[in-house]
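Take a look at the following structure, please.
Which chain is which? They are A, B, C and D, in the order written, and residues in each are numbered from 1.
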Amino acid sequence: MSVIVLLTQLLNGVQLGVLLFLLSAGLTLVFGIMNFINLSHGSLYMLGAYFGAAAYTATGSFLLAVVAATGGSLLLGLIVERVALARLYAREHLDQVLATFGLILIFNEVARVTWGPSSVYIDVPGTLVGAVDLLGLSYPRYRLFIIGVGVAVAVALYLLIHRTRLGMLIRAGASVPTMVGALGVNLARLNALVFALGAALAGLAGLLAAPLMSVQPGMGEPILIVALVVIVTGGIGSIRGAFYGALIVGIVDTVGRAFLPELLRLMLSPSLARAAGPALASMLIYLVMAGVLALRPQGLFPVKHG
Amino acid sequence: MIRRLCVLTAVMLSLPALVRAETPLKIGFVAEFSGPQGALGQDQFDGFMLLVERNGGKLGGIPVQILKEDSQLKPDVANQVVQKLIERERVPIIVGLTFSNIMMAVHKPITEKEVFLIGTNAGPSPIAGAQCSPYQFIVSWQNDTQAEVVGQYAQEKGYKKVVALAPNYQAGKDFVAGFRRLFKGEVTDEIYTPLNQLDFSAELTQLAARKPDAVFIFYPGALGINFVRQFQQAGLLGKLPLLSTSTADGLNLPAQKEAALGMISGTFWGPDFANPVSRQFVEDFEKKFKRIPSQYAAQSFDGALLLDSAIAKVRGNVADKPAFMAALKAANFKSVRGSFRFNNNHFPIQDMHVFEVAKDAKGRISLKTVATPLKDHQDPYHTLCSLK
Amino acid sequence: MAATAILLALAAVPPLCAALAQPYYLTLFARVMILGLAAMGLNLVLGFGGLVSFGHAMYIGVGAYAVGILDAHGVTGGLFHLAAALAAGAALACFVGTVCLLTRGIAFIMITLAFAQMVFFLAVGLKEYGGDDGLSISARSAFGPLHLDDPTILYYAIFAVLLLTLLAGHRLVHSRFGMVLRGAKLNERRMAALGFPVRRYQLTAYVISALVCVLSGFLLANLTRFVSPAYMQWQVSGELIVMAVLGGTATVLGPLVGAAILLLIEEALAAFAMGLPVGVEEFVRDHRLGALGLLIVLAAVGMRRGVYGALAPSAH
Amino acid sequence: MLRLEDLVKHYGGLAATDHLCLEIAAGELHAIIGPNGAGKSTLIGQLSGEIRPDQGRIVFDGRDITREPVHRRALAGLGRSYQISSVFTEFSALENVILAVQARSGHSFRFWRRANTETQLVQPAQAALAAVGLSDLAQRSVASLAHGERRQLEIAMTLASKPKLLLLDEPMAGMSQAESAELTQRLATLKGSLTIVLVEHDMDTVFALADRVTVLVAGRTIATGTGAEIRADPGVRQAYLGEQEESW
């Protein structure tokens, strides 16, 4: 296994991590500030992908697709938050789980009715087609683009959180949720804003994933579980935690998948390694999370309280 | 009034088969209809219904009622719908089944109740061997044979080093094993990915680094579309020969588009077959559904043809199980693949072909027959089956 | 009252099915009871202990695989199956519970999920026992003269397990142990200050609740004669939570009601026919999960104590 | 009865408990007072076992309990009440006290019998309720009790667990004048039968009840003595005046 392959696999891991970060950022804020478990966050990712795919197919412009995906899920997030979820902020977590589980079923059916049961595919935008040469190994240009977008969003979020009044309120809300209300801030509006921001990022993630993976009903749930792994590993309520958590999960998953079976083959018999390799590779992120939680229940980069 | 009743009773007593014909024969159709793999089941259903509708709602001259059930790719759900069909609807025949794991979950519950199982897709190895049942009739293929033909082709092409990829479940392992059986070169690596994994970046990087002579893949449904598109995005298309089964099929090609051109696929049938049954089938199917039929539609169409011939032979009296079983076993019909006959394990003995993805006469991306490496091929498990 | 009515109705299912010659409904209600049993088991920690486990489906899997694996090796004795299932379940629950109970809140939710996922992938990797495809069971567990192959006997066996669990559950939540468990849900700190080693009680509750799910898995394997990793997917763990919350977590019986609602409504929508124009009915049948989702959201927003909780007087 | 030896607890750079030494005799009512931020809560936490000291020892009833978890200390006879009333709101008043009795009567791995029908639990619980004057409310759900009643219930629970030493954390907080007068009365009757450590803001109570008073400032004891001695101590006066200015 050469260094270049290792580097390329790391890049793959970063690309997955960046996608997970976009999805996790909103989830962790909603969780940290409103103490709300939103299982339907994955549905916003799915619908963002659908909105973007529809716009891209109709207009052929990827930029318009980005607008449609982020704008569409932002609006949808706002509506869902105001109509249903805002009523559940003060309720038990279990009621929130129940309601958002119901929402998942609804959104999946809406997608099925609107876009049909089979997958929708969109092409990589023209200028991003093809691969670039990275020291002898070719790497898809589009995946590099995803990394770029993700890092740009991370920087923008950092500036938003650390340099603006809104960011100050978000930080205050994440560390001392009760205090923000006392500051005379319109809590309902702050909640809606944070929720919508998270929804827009989820929609963007969905669109970015669309040319790589198919857009299909139910695509949000498996990745939601991984996003939950990310936010508890990183520390709930913390954007920084979500970022590092996402990178860790992305890299562990990719590198594990790539090298674990080979590693096992050095230690076990080939047939045993072939059976154990994929199983163990799939378990890896959960092993990491369980380890982190058992030793640091608050996650790796928790929000500082007080 | 009384006289009419007497006459009616007499008719009923003397002509049971005829009276039975008045109430439609119920047939259960179980497949995947939801989720990303739903297109597979839908194609199976469309292929089957094509014949039923062409015959005016009849099979073997008897009106039939098709009860469509979705197994949702969940073994326990499949189990439940099968129970519902058998116990509530009392169907004597169940057709379809898409995935091997679902087939394994319902095979025993169906055949043990002496209900006829007409499999039109999945052919896992256990039921071809030791667990075979006289009530099963698999009109498609045994899983391994689909890959064996590709292995034979790779052998004939003289490839030395091949990397194989498949989802990490039994069918995936069966297909890779099937490929290895007739391929004498070296399979340098077998990569199994989780069944729900849609992003293959890590695996493609490994492929690019290994530089094998060819790649063998088994990725059914949406998995295959994603793999092939990402294969192209990674710049590997054209550099590495891509051999496959159940991946570049009629369902996936419209989404894979140019990314699949030049891919090799092995199976028992292709839309360019020249025999009259196949030509008629392709023509009718395209007219009705505005798309090229996939092999799944063709298999199910054959399933309908098989039932048509057997039901006609017993004149609708499917309750006479030994007679109906014999009629099915005889398989007296003209198949889309030409002639058709069952092996002792009730799987077909058939020619296996290799196809290349290419543009057809109308400029659409389709499958073109390039070779027939295996003639009158039998699956390797039939000797384990105790049926004669 | 409501509880008696529900149990009488369940007891009356076999004769009704026989009278209507519809054995299918026997299977359906057996499934309702089995999943209800699992949800009741989960609710011991979820509703009474305040510990949200997102991984209880793995214990269903343990119970089911105990039957499947022993059967694959030719062991058909029901007592062996049961003993192996419970022993394996208890060992796993002791280990997983000990680690998970180091955490609380969302961390607990996720770490239980993590273990369930690991066990799930382990089952997927068990090639000799079918891996992802699952494993069919050649014969149901043998209990001497009790022939589980007779659907009615199997049904009443499940019913009996359900009744015993209900009774035991009801006694348990009001016993000393139940007081400690419920007290710890309300105020764990205070319980420690009173002198209770809280974690030990929570671990015991976790193991008991896991064992109820193991029982449910044991019965499920016997009902379907098939085991598969699909029994322990995270979705199943999620559905168990939904059943418990939908039915009402403050009562022992609530989760059973939740399971019944979820499964029966889906079944009813699948056969939806109310004389509406053809297209509408077809639409509802095809998209029944969406309709179910709508009902769940309404129940979550509108009812604070679950469906059974809203019907029945509080347990205490 | 209770001895603190050179106890230290740091939070970051801040010393919440700074080489604290304290000796509490059996049977006395010892009050601890101090301005806000003096480290009273941290001290209580370390006594009850919720906070681990960085250094030093806690000896209770002749036994080193520095590393013992909360529930062991409780079983050893160290009972406490909380600043914010922390009763079990979903239970009845009687059930709350039953829990306290239960904690002291062996393990609770008993799964079958209803706890509130066991006379060995119910009788002592009723007695404890009677002791704080809540007998009439025994069956009432705690959610429906007034604030003062909850505080009394809390004391009943602490009494029912038969502690050797009672740690009272601002028991008068949030009580009406009449309520706190009544509670003062009850505490006075308890005096002598068990050791009490009282952390309290209300000076009237402290000086009315305490045998000895310790004044805590910035994590250290600045004075210990009888009420009269403390009142006369110039250091204490200064600390308290200073605190009042600051808090203003």
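Convention: a residue touches a chain if its C-beta (ideal position, glycine included) is under 8 Å from a C-beta of that chain, and two chains touch if they have at least 3 such contacts.
All of these numbers come straight from a predicted model, not from anything done at the bench.
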item: Chains most often in contact, by C-beta pairs; value: A-C
item: From subunit A, the most remote chain by mean C-alpha position; value: D
item: Centroid spacing, where centroids are CA-atom means, of subunit A and subunit B in whole angstrom; value: 37
item: Inter-chain centre distance, subunit A versus subunit D - centres from mean C-alpha coordinates, in Å; value: 48
item: Whole-Å gap separating subunit C and subunit D, where each centre is the average of the chain's CA atoms; value: 44
item: Residue list for subunit B, restricted to those that touch at least two other chains; value: 168, 194
item: Two or more partner chains touched - positions in subunit A; value: 112, 278-279, 282
item: Pairs of chains satisfying the touch condition; value: A-B, A-C, B-C, C-D
item: Complex contacts: residues of subunit A adjacent to subunit C; value: 31, 37, 84, 87-88, 91, 93-99, 101-110, 112-113, 221, 225, 228-229, 232, 236, 275-276, 278-280, 282-283, 286-287, 289-290, 293-294, 297-299
item: Subunit B residues within the subunit C interface of the complex; value: 74-76, 79-80, 83-84, 87-88, 100-101, 104-105, 107-109, 124, 168-171, 173, 194-195
item: Sites on subunit C touched by subunit D in the complex; value: 168, 171-172, 174-180, 182-183, 186-187, 189-198, 201, 204, 316
item: Partner subunit A, residues of subunit C touching it in the complex; value: 46, 52, 99, 102-104, 106-107, 110-111, 113-115, 117-118, 121-122, 124-125, 127, 234-235, 238, 241-242, 244-246, 249, 287, 289-301, 304
item: In the complex, subunit D residues that touch subunit C; value: 48-50, 69-72, 74-75, 79-80, 82, 86-91, 95, 98-100, 102-104, 108-116, 118, 121, 157, 161
